[in-house]
Each structure stands twice: as C-alpha cells, then as structure tokens.
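Below you'll find the structures, each written out as structure tokens.
Two complexes follow with chain A in common, the first pairing it with chain B and the second with chain C.
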Partner chain A sequence: MKRFLAWATIGLAVVYFFLPLLGMLEFSLKMRRGAYSLDAYRSVIGDPQFQATFGYSVLMACLTIIFGVLVVVPTVFWVRLKLPRLRPVMEFITLLTLVIPPIVIVFGYIRLFNTSSWLPLTGSTFGTDILLICGYAVLSLPYMYRAVDTGLAAIDLATLTEAAQSLGAGWITVLARVILPNVLVAVLSGAFLTFAIVIGEYVFAALLDRPAFGPYLVWAGGNKAYEPAALAVITFALTWACMLLIQLATKFSQHTRSPR
Partner chain B sequence: MRSSRQRLTLPWNGLGALPFLLFALLFLLLPTANIVAGAFVDGSGGFTLQNIANLFTPEILKAFGLSVKLSLTSALIGCALGFAVALAVVLGGLPTWLRGIVMTFSGVTSNFAGVPLAFAYVATLGRVGFVTLLLRDWFGVNIYALGFNMISFWGLTAAYVFFQIPLMVLIITPAIDGLRREWREAAEALGATGGQYWRMVALPVLGPSLLGTLALLFANAFGAVATAIALTGSLLSIAPILLFNQIRGDVLQDPHLGYALAFGMIVITGISNGVYVVMRSRAERWIK
Partner chain C sequence: MAYLDLSGLQKSFGANQVVKSFDLGIAKGEFVSLLGPSGCGKTTVLRMVAGFETPTAGAIRIDGQEVTGLRPNQRNIGMVFQAYALFPNLTVAQNVGFGLKIAGVSAAETAARVAEMLTLIGLPEMGARYPFQLSGGQQQRVALARALAPRPRVLLLDEPLSALDAKIRVSLRSEIRDIQRKLGITTIFVTHDQEEALSMSDRVVVMNGGRAEQVGAPFEIYNHPKTRFVAQFVGTLNTLDAIVTDAAQGEVTVQGQPLRLPQAIATAKGASVGLALRPEVVHLEADAAQISRGDFALPARIAAVDFLGAVIRVKADTAAGVIALDLFNRPDAPPPPVGAEVALRFRGQDVIVLA
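Up next is the complex of A and B:
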C-alpha cells in the first residue's frame, strides 16, 4: 500500500514535470508545416544575434567563475585557518545575497555607480561588464561559498598548510598547489552551478543594458513563434549538462579517494 | 623573531579577509544601503517618511498583495507536493537508484527557472500548446473556452510551482532522512499507530523544517521577475515587475518611490528569510 502510494506520487510528479518538457520539445520541432523538423534549431543557431549574445553570456559566466573562485577560495581558506571568529559574518553576508532580491541589488548598482558618482562604472561598456561580473558573482556567492566551505571542512587545513610551509611553500603556492587540488571537486560543483545560473540570467543584464543571452531570450519570446521553444530546449540541455558534470566530478573524486 | 611575528599576527590575519569584505561591501552592502537610505530621503536630501507613505496607494498595495498571494500560494503548493515526493523517495520503499535520479532532476529543474521556463510553459499550455491541443483533440476539452488564461494569477502560480517543488525536494529530503528509525520503533513499542506516530512525533520534529522551507520558497517566488516578465510581458502588476518598470523609467514619475518599492521588497523577503533562519536553528536541535 505504502509502496503503491509512493509509486503513484512519483508517477504524478513525472507527468507534471515531463509534460512541459515534452511540450517544449514537440513545439520546437513543429516549425515546418505538417512534419517534424529541426528547422527552428537551424534558424536559432544561424541567427548572428544568438551567436553574439550566447557567446557574450558564456564569456561572462567563465569570468564570473574565475572571479568567484579567486575571491571565495582564499577567503574561506583564510577564515577557516586563522579567523574562525569571522565565520558568522561570512554566513551572514552569504545569507544576505539570498534575502535581497536581485532586482534590488541591480537597482542599487545603477544608483551607486552612475556616471556622476565616485566610481562611474556604468559610464563605459567595460565598466558595465565589470559590474555585471561582480553582480553575477554576488548571485552565485551562496552556492560557491557553500560548496567551497564544505570542501574545505573535509580536509585537515592546518596540517596541510604547515606541511607545505615547512617545505618552503609561500601562501600562493599553498593555495594553488595544495589547497585548490584538494577542493577541486567542490570548486567545480560551484562553478557549474554558477554557469547554469549566469547563462540565462535576465534581470541584471536587462537593467544594465548588456547584450546577454537572457534579454535575447525575452526578445525572441516576443518576436518569434517556434524559436523560443528551441531556445528553451537548448537552455534546459545546458542546465542538465552542468548538473551531470557536477555529479561526474563528485563520482570521480570518490574513486580517487577510496583506495586510501 | 617570534615576538615580532606575534605582534604582527592580528592585523595581518584581518587583512586576509579584506578582499572578500571589500567585494561584499561594494557590490552587496553599499548598493542595498543606498536603496534603503533613498527610501527615507526626499528630493532635497532631508529625512522623510513620505516615500513610504506613498506606497499606500491602491495600485501599489494591489501589486504587493498580488505578489504576496502568488508567492504564498505557489510556496504552499510547492511545499505540499515537494514534501509528498520527498516522502515517497525516502520512506516509500522505492528502489535506491530512483533517489539519485529524483535529486539530480530536482537540481536541474530548480535552476530551470526564468525565461526558458516561461517558454516551456507557453509551448505546453499556450493556445496551440502541446497539452492544450492534446486535451482538445483527444478529450474534446477546450481549456481556453473554459476560461483558462496563462496571464493570470493561477496561470503564473502553475508556472512558479514548477521550480518550487524541486527546491522543496532538495531542502526537505535531508530533514526526512534525519527521522530516526528508533523514534518510530519507540512510538510503536508504546502502542502508537502509524497516524499517531506522524501526528505526535514525526510532524512536530519536521515542523520547523517545513515552516522554514515554506518561508524560503516564499522569498524565492517573491523575488522572481524573469518568468513573470517573459510570460506576461510585464502586464501583470506584481511588485517586482512594478519595480522593474520603474527602474526602466516607464511609470511612476517619482524616483524616490522606486527606492520605497525596493525597500518594501527587502522587508518582505527579509521577514521570510528571518523565519527560515530561526526555523532552521530549531530544526537542527534534532539532527545531532
């Protein structure tokens, strides 16, 4: 009886979640009248605007990941090793990124970094890109922080650091060649999640007026019929790829660790 | 040597966290403080409560009311259905491989929000959507003739539930894992029925987790903009869309009203996240 109920629940959930996915897939194949075809995909991928915005968002995602790793890994390492009293502060800041809606954060950026301010980032294209990367780093901070913090909790930081230092390693060497390889899996999970969040992000890109994939999606939604469904399929596939890569990274690490 | 190093320890250690704190200050704290301060300042820079008072117009109150209703409804539905799925996976006696699939799938769909979700939704329940045509051709049911409208409260709620359920599954599953087998056995040894065990042991233990996650789902829906914009083209007046249009410079002539709107949103998500934090610390009392 219990098992039947459980299967029924899962069955209903499968129907609820797969109908929209199936609907989107089916719709994306219907561009040619009377037959299923990949025309919508061909049209999307051939669109120079798709190529430009998608490329831009991929670049932004990669830069966000690099920036996020550079900011989060040394800080979490340092706080765990030397400043445990600062942990609640870190937790609080991380929580704040979930409390304050993204639209409010970007509103703050527009006001704080406008052309007549002390740091006129929104005045130039380059400055706005920097601002966008920092904003995305804020959005992905809770995920990156959680991943790296859990990763670092699993290793003996003090011993590893002292061992490396007694062999003559400086801080940079300790971080890059001892700590980072040990938490690589955690960093990768954070990175893929960041990628999934940034690639289709809309509010930041739209309000900072940058040609990213998110605003292109909205534009396509208003102006095309079958392409949006194809775009949704592509985005969904990307999100899947990111999650599978996280799982793969975790599995891989378990294999390397088990012989010990 | 040693004494000089000792003296240097304190400031140097503090310096290590400086880049992060500077980053948080510049790109999170100051921008938010700027908005909050702006909500209490008038055109000439003096302190005022007028901006907050200006929020109390029928139009803005209605937008906030609709937002709260939308977030609460989608959070409640997401909570209930997500809980059912998590229960089925953890306690339903299903094969273990299923759990991994459900968790990964939840990870994917909880992140599949925003614009693509709106597209999937249109392709499914739009006027020529997959399910719309399916119902019409196979069952003779025309949902649009029955008054269904995607750009409506229930239309948007149904779309939001799509990312609320997986989020609930992800957060509540570890809590259900935390229910000890001994508790159930102890309850049964004392003569409790299954219903009594759930009512008097399991649900009180899970209560804080459930309430906390509900608060988190609420905040999650409240701050969401992209799905609503892609779906309704900023037609539906909910609080974040009002703010979006205000920042774009379309409506409300008074810029300080924008600050007040944003402040109102922070207050609401702040309260619900506060509930989440308090409830999580209560829930952790049982997970030792």
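Up next is the complex of A and C:
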C-alpha cells in the first residue's frame, strides 16, 4: 500500500509537470491546419528578429559568465582562505538578489547611471550593455556563488594554495592553474545556470531598452499564435540542455573521483 | 655561520604567543627534526620558514640571505604536506614538473628532470597517472619529488608520514632519509612521533610551549635529557623519588636503599630528587639474592605483560610505584606470569637525574 501511494504521488507529479508541456508541444506543432508540422519552429528560426535577439542574449550570457567567474571565483577563494568570518556576510549579500525584485535593481541602476550622473552608462549602447551585464551578474550571483563555494569546499583549498606557492606560484597562477581547474565543474554549473537565467530575462533588457531574447519572447507572445509555444519549447530545451551539460561535465571530470 | 639560521623567532596570534624566542642554526645538508606535542609551536616555526606565517619578531636567513620578508613563492623552499596536496587535475608528471613550469624551465629540461625525480622515488612508470589512482604512500613520494624537482635550497616536511599506515610509514621514512642524503639537501622535519624523529635525524629539537627545550643528536636527546619534559616526552620513562644523602658524591636512597649515581647532584643533603630509568636498563631477576652488590635491587610483583613481538614490555608493582621494563623475546624463555614475585635490578650509572 505504501509503495502504491509513493508511485501514485510520483505519477501525479509527472502528470502535473509534463501535461502542460506536452500540451504546449502539441500546440506548437499544429500551425498547419489538420496536420502536425514544424512550421511554427521554421517561422521562429527564420525570423531575423529572433536571430538578432537570440544572438544578442547568447553574447550577453557569455560575457556575464566571464564577468561572473572573474568576480566570484577570486572573491570566494579569498573569503574561504583569508576571511572565513565574512562567509555569513557573503551569504547574505548573495541572497539579497532573491528578495529584491529586479525592477527595483534596474531602476536603481537607471537613477545611478543615467546621462546626468557621474558615470553616464545609459548614455551609450556600449555603456548600457555593460550595465546589462552587471545586472545579469547580480541576478545570477546566488547561483554562481553557491556553485563556486560548494566546489571550493570540496577541495583542500589552503593546502593546495600553499603547495603551489611553495613551488613558486603567485596568486594569479594559483587561481588560474590550481584552483580554477579544480572547481571547473562547479564553475560550469554556475555558468549554465547563469546562461539559462540570462536567455529568458525580461525586466533588465526591457527597461534598459536592449534587443534581448526576453523582450522578444513577450512581443511574440502578444502578436503571434503558434510561434510563442514553439519559442517556449526552444527555451525549455535550452535550459534542459544546460542541465544535461552540468551532469556530463561532472561525469567526465576524471580527476574529481575520490581517492583510493 | 649556519646555512639556515633562525634567530629570535617569535610568533603571536592575538594574545596567544605560540613561539617564544626560537633560535636554531642548521648546517648545509643537515636533517633536523622538530619534535614536540601538539600546540608546542613546531608547525608554526616550519610555516614561518616557508613564509606562510610572518614572524612577530626575529629573522630567518638562508645561506646568509635574509628571507624573513619574502613571500613563500620567492624563497625557493620545497615543502611536503601531511595531506599530500597533489594537484588533483594534473597527472603525476605534471605535478612533479609544476614548479619547473612556473620557473620557466624549457619543456625538454622539465621532462628530463621529471623523469629523474620519478626514478629517484621509485615510480618511473607512474607519470601518466592521476593522484587519485595512487596509494597514500605513492602520493606522498610524488609530493616529495614535486618539492625536490625545482632544486630548492631547503626542504620542509610537515608531518608527511602521519596519514600513512604503520608499515608504509616505516619504509617511507628510510626512503626519505636516503633521498635526503643522496641530494644533500638541508631539511627540517616536523613530527610528533619520537621514533620518526630519532631514527631519521642528524639532530632533534624537542619543543615545548613555544621554546626549544633541547637540541641535540638523537643519542644525546634520548640518553641525556636536559629537562624533565624532554626525559618524559622522548621514550618511555620510569620515575623514582630519592632522598639525597651525599650530594657531592651523588649518593641517594630509594625506598631506604642506598644508590650511587655517576655524577654529583646540585642539591642539598636531605632534599628530594627525581630519578628516571629507561625500561631497557631495568633487568628482571627471579630472586633478589642473585643481584650483585654494586647493583640496586627492588622487590616487585609482575602486574602486566604486553607481548609486542621482538620486545616484551613488563610492568611490575614495587614499593616505589609501577616500573616498566623491556625484555627481548626469546622462544626458550617465556616471560614471567602476572603475579610472580621477582626482583628488579639496575645500575646507578643508568639513572637519569631529572632537573
């Protein structure tokens, strides 16, 4: 009886999660009257606006990942190594993103960095892109921080650092050649999560008026019938692909196996 | 002047002074062990030499050059850690060649040196393996090769054998000593294991409470401890209370029996003095009547017999307290049973007077 209840709960959960997705998938294939087809996907992928916004968001996601790694990895490394008492403060700061709505953050950015401010980033496309990357980095901070922090917790950080130093390595070499390769799987996890967040993000891109994929999704949802369903399926597929890549990265990371 | 010179080293963490004025000179090619209980400051001294801790006061010189203010990566000091600290993402060969790569040594030269080091540690075929594919002993040998590859001026070993099982520990300590002798590298070895320190070192520094209690050759440290702490920390010790009867002649009484010590005692007649005996200088006799006039005899009852293989440790109750003694195992002469009445014999010249 207990076993039956467990399976029934799992079955209900599967139906609850997958039925809407199946419905959406089925709807996205019904663009051609009376037959299933990939017309909606063809229409979406052939749309120059889709290509431009998707390409832009992918570029922004990659730059956000690079920026996030450059900021988060050395910070977490230093806090774990030299300032362990600051870890609760770091935890608090990184969690702030989850409790402060993105719209509040972006309005704060616009007030601080508008054209009449001391650093008028919104005055140029390049400046606004920088602001957008910073905003995305803040949004993904809780995930990137936790991923890297967990990765660093799994290695003997202090001893590996000292071993590298005793062999002549400076701080940058220690980070680049010893620490980063050993937390690469964790960094990749953070990177894929960041990618998934940035690809679908709407508020920052819309309010900073940048041609990103998030605003395109909303626009398409309001102006087309079958294409939004196809776009949603594509977005889901991308997210799942990211999750699959995290799993593959963990599986094929040979050196992280436990010692004999 | 010593090759490695530590003068007036002090280290405090807040109000806690961990190292209190530590002085030590080490000759080139010498193997010196820092031996002491946990918290005595031995690892802190080693970390100051490595550059991982900055001394509160004092100076560190290597070959006449002051290195106190240099960063760890500028000192050219090799270090082996208790936890191996091999880089998990690199193969054995890459680990060994890491320091050479940092130093900008050419690939060909690095490959040759790595091969030389792997041969030295007896693992010439293991270059392509990852650390997780090696046993603990193999990992520690690779760590040693990695530390030695860049030809450091000084080698520091921070309890490198502690994480290994007993058999490997014994074989690896002689391997480390052989390699050190072969390369003639100045070495500091930190351990809390007296057997390791005594068996491997040219000199042993016994540390207590942030100070060097005694510095000397293992034979000297073991047989002529200068302080009560050294006597008690190094080796097993039996202690006896004695009353001085003639300080100048070194005469005392133990349990009312006279005993002549080999040297004068720096205390007044009638004063109480502590005596110590190593287990191996106490002998077991079936009958006190068999003991010759020059030796000291103490009636005893066997309280415990611990068979350790080559040696049998016997504990005997006496009027002066429990005395431990060691017997060599002989198949034709089994140890006495527990409860047997025996006599313990020792000579005055084997007694250590505790300061």
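List of remarks:
Everything below uses one rule, namely that the second predicted complex is superposed on the first by the 254 of 260 C-alpha atoms of A that agree within 3 Å, B and C clash if a C-alpha of one lies under 4 Å from a C-alpha of the other, contacts with A are read in each partner's own complex, and residues count from 1 in each chain.
Here is the rule we use: contacts are C-beta pairs under 8 Å (C-beta built on N, C-alpha and C of every residue); 3 or more make two chains touch, one makes a residue touch a chain.
The model shown is predicted, which means the values in this text are computed figures rather than measured ones.
Contacts of A:Leu245 after superposition on the shared chain: neither chain B nor chain C is touched. Once the two complexes are laid over each other on the shared chain, residue contacts for A:Ile130 go to neither chain B nor chain C. When the two complexes are overlaid on their common chain A, residue A:Val104 makes contact with chain B while staying clear of chain C.
More chain A residues lie in contact with B than with the other chain of the pair chain B and chain C. Contact with neither chain B nor chain C is seen for A:Val58 once the two complexes are overlaid on the shared chain. Once the two complexes are overlaid on the shared chain, A:Leu207 sits against chain B while remaining clear of chain C.
Legend: residue contacts after superposition of the two complexes on their common chain; A:Thr159 is shown touching chain C, with no touch to chain B.
After overlaying the two complexes on the shared chain, residue contacts for A:Pro74 are found with chain B alone; chain C is out of touch. By the touch criterion defined above, A:Gly168 lies against chain C but remains apart from chain B after alignment on the C-alpha atoms of chain A.
Applying the stated touch rule to the two superposed structures, the chain B and chain C interfaces on chain A have no residue in common. Chain contact summary for the complex, chain A toward chain B: residues 2-3, 5-7, 9-10, 13, 16-17, 19-24, 26-28, 71-72, 74-75, 78-79, 82-83, 86, 90, 93, 95-112, 134-135, 137-138, 193, 196-197, 200-203, 207, 214, 217-218, 221-222, 228-229, 231-232, 235-236, 239-240, 242-244, 246-247.
Against chain A, in their complex, chain B makes its touches with residues 13-14, 16-17, 19-20, 23-24, 26-35, 38, 81, 84-85, 87-89, 91-94, 98, 102, 104-105, 107-109, 111-112, 114-125, 129-131, 162, 165, 219, 222-223, 225-226, 229-230, 233, 240, 243-244, 247-248, 258, 262, 265-266, 269-270, 273, 277. Interface of chain C with chain A (complex): residues 50-52, 71-73, 76-79, 81, 83, 85-90, 98-99, 102-103, 130-135, 139, 143, 146-147, 150, 156. Partner chain C is touched in their complex by these residues of chain A: 155-156, 159-160, 162-170, 173, 177-178, 181-182, 184, 254-260.
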